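Multiple structures are listed underneath, in structure tokens.
Across the two complexes that follow, chain A remains constant while its partner is chain B and subsequently chain C.
== the complex of A and B ==
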């Protein structure tokens, strides 16, 4: 018997299948990717998509008054809101894909976008 | 060998497909004092836009007809009741809704009670923006003792009369779900095969998202992201009652908008109750209504009430504790492994 150190087709297949599996597993199970873009929705329309890798303040004047959105260090938040309850401000910073902050009185929502979306819509 | 090649080509294509952008039409609107999110898949934009518009018109009509504190057919009815007068010429739709809500109130052992508008109003939740208040024990006791129930309504033809003038109907736990059923009808009559409608968190799926089912995230009641996700199949609906959407905090205590009809106080301790409803004519309505009795009922009564109301799939989140039915556990996937580590997970049958 002679052992040959030849690279068999089967070896290649195993490597390929493993790679495919790794990519598949990564795509399926890796949900907490940090987003790179924040989408700002204002009065039913997309106001704009902004990179999270910048320091920026966006002021939107809606029915209730001025809402201030702040982008910093790869995250976004409502810095100030004109409403009484201040839910959106209290929720603080968001930066992971799929996270969303909503200001109903002033009709603004900000959502972190990534390459893959973990779901189509959110039940709350 | 040829088979292997074929296998890889197919695999390659499936990856390519998952990267290409599908024809998804999405729009967000503000109706019912909340966000309405409509997704339509696989239709040309014009048609999708037209159907979305038709659905929104229906929602606006319902908003104007069923609103609990802005002038509507419902507030007119409530006014007649409070004056001990008969309300004539009620629309057949309103009568149908009240009859159906009454059946659900009975079936839920009156835990779902849309007649307690006076209580909800007292707690200050009949405003778009409410102020924290200090409840007066005696006042609450008096309001509970008035014992309003839809059972006290007498309906003959298009006339509604109440034997209790303290019935004040609030369809806050019904209207959004009913609107989902209406939207589903409109979407079907326009021959749209794939759509996902979300009214303030209550979601109904029609068809699917391309070759995959519609996928829905369930909000973490104490976070800004989803805690879990699940596939919402054709005709299914999902709804959640939570203490994190409409609430105020006074002296460190959280008061949410879900009031226990027997005690008169907001339910405390439960973060959220989610129900998943199988396809039926009124799956949307049930997804809105049935989370309430589960949220409100005592822990030990949950199983019985779920059985009585035929809620097979539910998920309840409390402090460090998550309980769900086996069938729900099979369907959902937690998004963060720590969720299972940090919570005691209880599977019920």
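== the complex of A and C ==
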């Protein structure tokens, strides 16, 4: 049996469409946007929005003591925390939109904001 | 007391279905012991049999083979009515639906390669819809769409190619 040259025309078309779809899917869903603003929430209220394009240290004194937030090179982190677990400090730097760090004992959370709101698991 | 003999009359179709299902179940079981990089990314080699049945015999045969395979494999592996089984069943039903319409495409330009790719996309689409609606009702699973569709294209292509070679060997196309 000889292969007819026309035989795989439709197959080629299907493969092409699939490839375009896959590339499109990667671009749409694996698009991580670097944020521009960090929102600091303290004791249930928004403490303030700070630009990520600056070097800044924010000191917040809560029930547990003093938490230090550091902004540098378009990223933010908890530099120090008064609690004993230090979970928020150990998570390190965040810089993409939708990323969030929470310090529950001291009632502080910091979230990176950008042009669009990314999916996160906290709203769920 | 006379011994009663129960004899079920079997048709040719029954035999075809039984034989093909046996092969499909075997392939599914082999596949189930293969390691997978992430849940859901599987070659789906049993679909070769479904496609083969579709081309060689009829849609009805393919449908029986596919559904029987899902039920039998889950019973053997102890996954009957578990989420794994439900995912498998949803995927297979959507896949079969695609094949039902896919086989109506002009066979001069669309070979088993096309149908295999389309059905594996349908399979993963069905599973993702079920996961989204039932197991993980959260938008974050959309992150998985690119990986799963890439796997669907790759394995759909390979399965389709194997089916094509098989059919050619048996002079069915």
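Rule of thumb we're sticking to: the second predicted complex is superposed on the first by the 89 of 124 C-alpha atoms of A that agree within 3 Å, B and C clash if a C-alpha of one lies under 4 Å from a C-alpha of the other, contacts with A are read in each partner's own complex, and residues count from 1 in each chain.
In this text, a contact is a pair of C-beta atoms (placed from the backbone, for glycine too) under 8 Å apart; a residue touches a chain by one contact, two chains touch by 3 or more.
Given the structure is predicted, the values throughout are model-derived calculations rather than measurements.
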* Which holds for A:22: it touches chain B only (first), chain C only (second), both, or neither? -> second
* **First (chain B), second (chain C), both or neither touched by A:96** => first
* To do: Report the partner of chain A that touches more of its residues: chain B or chain C.
  => B
* Asked: For chain A, what residues appear in both contact lists, the one with chain B and the one with chain C?
  -> 119, 121, 124
* Asked: In the complex formed with chain B, which residues of chain A make contact?
  -> 13, 16, 20, 23, 27, 31-32, 41, 43-44, 83-85, 91-92, 94, 96, 98-102, 104-105, 107, 109, 118-124
* Structure fact -> As the complex stands, chain C meets chain A at residues 105-106, 108-111, 113-114, 117-118, 121, 138-140, 142-143, 145-146, 149-150, 152-153, 156-157, 160, 168, 171
* Complex interface listing, chain A residues touching chain C -> 1, 4, 6-11, 14-15, 18-19, 21-22, 25-26, 29-30, 119, 121, 124
* Please give the residue numbers of chain B that touch chain A in the complex, ascending. => 4, 8, 11, 15, 18, 27-30, 33-35, 37, 39, 128-131, 196, 198, 200-203, 209, 214-219, 224-226, 229, 238-240, 242, 244-245, 248, 274, 335-336
